[in-house]
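Per-chain numbering from 1; labels A, B, C and D assigned in written order.
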Amino acid sequence: MAGNSFGQLFRITTFGESHGPAIGVIIDGCPSNLEIDTKFIQSELDKRKPGQSKITTQRKESDSVQILSGIFEGKTTGTPIALNILNEDQKSQDYSHIKDTYRPSHADYTYDYKYSHRDYRGGGRSSARETVARVAAGAIAKILLQQIGIEIFAHVSAVGNINAPRLERNSVNELLQIREGNIVRCADPVTAERMIEHIDQIRKEGDTIGGKISCVIRNCPVGLGDPVFDKLHADLGKAMLSINAVHGFEYGSGFSGSEMRGSEHNDIIIPNASTDSVNKPFKTSTNFSGGIQGGISNGMEIFFQVAFKPVATIMQNQNTVNAEGIPAEIKGKGRHDPCVVPRAVAIVEAMAALVLADHYLRNKTVIL
Amino acid sequence: MAGNSFGQLFRITTFGESHGPAIGVIIDGCPSNLEIDTKFIQSELDKRKPGQSKITTQRKESDSVQILSGIFEGKTTGTPIALNILNEDQKSQDYSHIKDTYRPSHADYTYDYKYSHRDYRGGGRSSARETVARVAAGAIAKILLQQIGIEIFAHVSAVGNINAPRLERNSVNELLQIREGNIVRCADPVTAERMIEHIDQIRKEGDTIGGKISCVIRNCPVGLGDPVFDKLHADLGKAMLSINAVHGFEYGSGFSGSEMRGSEHNDIIIPNASTDSVNKPFKTSTNFSGGIQGGISNGMEIFFQVAFKPVATIMQNQNTVNAEGIPAEIKGKGRHDPCVVPRAVAIVEAMAALVLADHYLRNKTVIL
Amino acid sequence: MAGNSFGQLFRITTFGESHGPAIGVIIDGCPSNLEIDTKFIQSELDKRKPGQSKITTQRKESDSVQILSGIFEGKTTGTPIALNILNEDQKSQDYSHIKDTYRPSHADYTYDYKYSHRDYRGGGRSSARETVARVAAGAIAKILLQQIGIEIFAHVSAVGNINAPRLERNSVNELLQIREGNIVRCADPVTAERMIEHIDQIRKEGDTIGGKISCVIRNCPVGLGDPVFDKLHADLGKAMLSINAVHGFEYGSGFSGSEMRGSEHNDIIIPNASTDSVNKPFKTSTNFSGGIQGGISNGMEIFFQVAFKPVATIMQNQNTVNAEGIPAEIKGKGRHDPCVVPRAVAIVEAMAALVLADHYLRNKTVIL
Amino acid sequence: MAGNSFGQLFRITTFGESHGPAIGVIIDGCPSNLEIDTKFIQSELDKRKPGQSKITTQRKESDSVQILSGIFEGKTTGTPIALNILNEDQKSQDYSHIKDTYRPSHADYTYDYKYSHRDYRGGGRSSARETVARVAAGAIAKILLQQIGIEIFAHVSAVGNINAPRLERNSVNELLQIREGNIVRCADPVTAERMIEHIDQIRKEGDTIGGKISCVIRNCPVGLGDPVFDKLHADLGKAMLSINAVHGFEYGSGFSGSEMRGSEHNDIIIPNASTDSVNKPFKTSTNFSGGIQGGISNGMEIFFQVAFKPVATIMQNQNTVNAEGIPAEIKGKGRHDPCVVPRAVAIVEAMAALVLADHYLRNKTVIL
């Protein structure tokens, strides 16, 4: 339990360093008899993989997934699912300069201090490359959620101070088409253009920029989430905060809700006239609660936002120290992302899917 | 594992409903030989207890803690510590009107749907009264952290849109004195006055208001936090989001960090000249990382902010439905807080202490 | 996670020392809407309580259970169930002689060495008095299992070298009546007489004697147990071995199975003609597998046997050392059991019920 | 948490089916800076691998271990260690006859009922081939224990009713040499001859035979084991019972202890004159406690015995049913072990090592 597992009943354990032989994941607790479309897993990985466009890293990884166990004749067997992704485009010599020199705002120093011995190549275990395993596992979780009708959609809602307008009430399929129609993965095409231009400019300056990702979850049944510590939004929050570079999480009214009065913030409950696939007798006229009350989903749309700091590796000289404490200068080498959010959309969706799949299974044990 | 436990090695499990006989907690994994000052536990509980001032609920609870096990002759024995707090001032008849009618933005509906059977009196398990157990357990965690020198300080940084200035670099003892010098628990006395006035006004209108709490952790050793899912800030985030009414969490640069460039956000590493109680060879010239890099503490001050929505119970008529779906009107009865943050300061500190105590113990097993 | 919790989904955490104010348990994960008959919990506790007969300790404890949470209007609410049993008949002065002197084959020395500080009175946490909490929690588990039709029955199958014949195929109700008809709790009245006489003789000699308990589980659905580590019999084994004084566990053919050939040991599968309450298409013509194959219940009767060593406290002088290593002499004081098995029958049943309730819930998540 | 993980702090998760592409394991929580000799891991696997001698299955697997993560420049980094063993000698067509027909005393029926969909080839996940992952992980645990000086030694103590005499007080190295000097892995060469002859005879008859393995743990520090549920022997018991074909576990005086009196069973404590590598002030003049008191190691030799039922696959016709309930006849095909214990010695040692490594780390958090 050294922190490489996530989830209680739909539980993943990831392994692998960025420049080791492989990155992978074991999923324990996936129900049997789910039909697994390997092409879908691959298409999810493709949204995260490097080298997709001019605004992502130019490193090339095919990120092809191998299934080592748990799936037989196209269906899950209820036994552990092991997924393996070989590392290919490793230019480990790109990293010899950081063997003994700590990169600012990276985990080099903290890993070295904690473990005394680390695989420094490309950040090793602290590299965001680890998230490829999360996306692979998240794809299996999404397949599970599709059976229930739960839909998850995330997109880039901000790059630096360029913010996208609120999501229109399109279907998730429509939103996906719009989002995948631009390389920054924003559901508003006009804003997307400005974001891309901005990232491209920053990239040319050898700099990086932060951003935000918004996520909605639709058709979630009422009742997911376990009080009092494992509230649905608490587990979503932890899931998001565990993603590299994330510095903030808010759901529903979020930080702005702290400025509101109860009389405006309260979501009035009304009968639900519509006939959903899920059994939902009530809805609320507003949704400042973000679809979650008392830590339990209430059937309304769940939505949250995640803040990413700028990528730490910049193509500029920076002062630092080496392990002996001697001042040194360092400059990013290799091929890095000027802005992490376009590729992180797949990671946010994957982590959200893992939380929901877990709580869906947990909720099955509440009633005898 | 239905969500009522928190922590891996310093692990708490809480029980109790707001109008049941008692609320309590078992702490499993507290090291032996810690001297426990019962008066300190009580003083922590007193900061959270109702009826403290004109801006908190007028409900009266002595919140006296009973120690049922795990402490012998004033010291922990390494066995489970059970703490029990009897419920006293229960006016259960205050709640008969919500037996069948769902209060807006409360957990009545979601609990009813999930469990089919609930203790509706005062919100039962969904009541923030549950946090009394967290504060009791957090006091034990604080005693553990005192041995290591770790200090935790939280205060009310915002009420509505009244924001406190950034914390001065006073000592934690000085900050505590300032904070406890006003009933809103803000470390800036001038802002505190405005906050109190604002809450009092809102209370008179039968309304409620949200707010924010900021927390700093000082003298944290380098190395706490477990990659990749149990990053220190991810566990802090989950801890905070599990507190009633919390809608957002950010650490270090937080949401504003998403608007920054890497060249301004990166924290340059420099040798540490000062002689701390903890072994810290390096520090950083800025601290946008909030004391955590790669999920592991780097020895700098850890800081984060928590956003609370306004209390849902207001003294105004609101529309809603009952369990049969028939429209109804509801109005808050009983004695409620117009703003939750003054009493939540103790809860934020307690949850932070629990996370740090847990990760302190976890870190002891990284090296043979 | 310092070892005071048991179970994954139906999870108990116990607390309390033998001479502290109380012993208790939190059950987290019990489904909602179970009707709880408090009298049933009490009747289970009465089977374990001291002072029942001439062959048990003469210590008097009413072992009255208090329900602190989780049950409302007679039914579980899905929230943590806290059960509390006050310690009453504490003659702590009986134990002053063991404050600094280690009793042979007790846990005095190992606790002292591990924790450096211990509640020595009556063994503190190492006392079998802790099992009162298990029996209380086990009663709730039994109520859950009654809903499914699962029946558990244990009895004393051996005292010293006096062995009971194999159980007749009576109903569990009949067996219970026979067992409770004698003070040693053996389902064979003739053997019971010999056992009682033997224990009484040994008691008079100031000595103690070991014994065995056999347990059967009937009407267990097919499919309980999780490969590969959480096999049903592995969890039953751990449950039994965690009971004070247990030195051995075997299920099905057990130790004697190791002397058999595959051709005689294999259980031939045949269609099941009978119409059970549970859906069981097949049965086996023999049952050397003890109702479990590959760690998963196969619908046949589950049975196992547990070996208890003799109680360590004897009314005879024994040599030992004190904490400083100086040789000392010690003799049992107070009121102790000459043979533990009559009172342990309730504990074996409780632990078995906890394992089955847990695996019943776990099995609900295997199929979507 | 579907049962494929074992351990709390030194935690393994295994995956893989007998005829899938690979079997493997992730170890999470191994301390950093351990030097890992890959040849040692391989030598452990070689003791378990098929095709070693005339009395084991003739199936050929090289069982070569690949290290996918967690070890860098020959030393552990504190990150998850992933070990992968490719399946090679798969004759899946050997198993077409069991696709729809349930083998007696195998897990075919229970897996099919529980999961509705299974990889039937060679037993899939229920195959003892899964234990190759345990032995690989156990080798890492053994390397950790070597640093502390803990020694583990198991051998075949019985085949059918041929029992080996009690172990002589040789050193573990000497015992290992004797044991590896015969193909049945018994530490008594004379008994070994009789066992080999017996197995060979049974093999020729197309039958199988059960057996027992005894294990000793030496130089264990005082203090390992967590009361009350995670007693050291309870975790050892679960570990052993989770191994395929195990039907019984006893430690110390075991089942025969249940026939003893307290006055003969109690282990008298005496000062420890010898100067061990571990700090042990006391020893006991006898050791019926098997080195564990109150669930905590007392520094004496830990010993236990494990009973294995005969292998279910026999080369004889047996009656059974198919999934539709139609009577069928089945006969073992392929290459199977006539007696499992010679290859299981490595598995018993591996599981014991995993338990001890876990409790060694757990014990580091008991004192601040």
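By our rule, contacts are C-beta pairs under 8 Å (C-beta built on N, C-alpha and C of every residue); 3 or more make two chains touch, one makes a residue touch a chain.
All values derive from a computational prediction rather than experimental measurement.
Between A-C and A-B, more contacting C-beta pairs join the chains of A-B. At the interface between chain B and chain C, over half of the residue numbers involved are used by both copies, so each side presents largely the same positions.
Distance between Cα centroids is largest for the pairing of chain A with C. Chain geometry summary: the mean Cα position of chain B and that of chain C are 39 Å apart. Taking the mean of the C-alpha atoms as each chain's centre, chain A and chain C sit 46 Å apart. A separation of 26 Å divides the Cα centre of chain A from that of chain B. Multi-chain contact residues of chain D (touching two or more other chains): 1-5, 8-9, 14, 29, 32-33, 78-79, 114-116, 125, 227, 362, 365-367.
Note for the complex: chain C touches chain D at residues 1-6, 8, 14, 102, 104-107, 109-111, 113-116, 125-126, 130, 158, 160-161, 202, 207-212, 222-223, 225-231, 233-235, 237-238, 241-242, 247-255, 257-263, 265-271, 281-282, 284, 288-290, 293-298, 307-314, 316, 318-321, 325, 327, 362-363, 365-367.
Per the touch definition, chain A reaches chain C in the complex via residues 1, 9, 29, 31-34, 78-79, 144, 147-148, 227, 361-362, 364-368. Listing the residues of chain C that touch chain B in their complex gives 1-5, 8-9, 11, 13-17, 20-24, 26, 28-29, 32-33, 66-70, 72-73, 75-82, 84, 114-119, 124-125.
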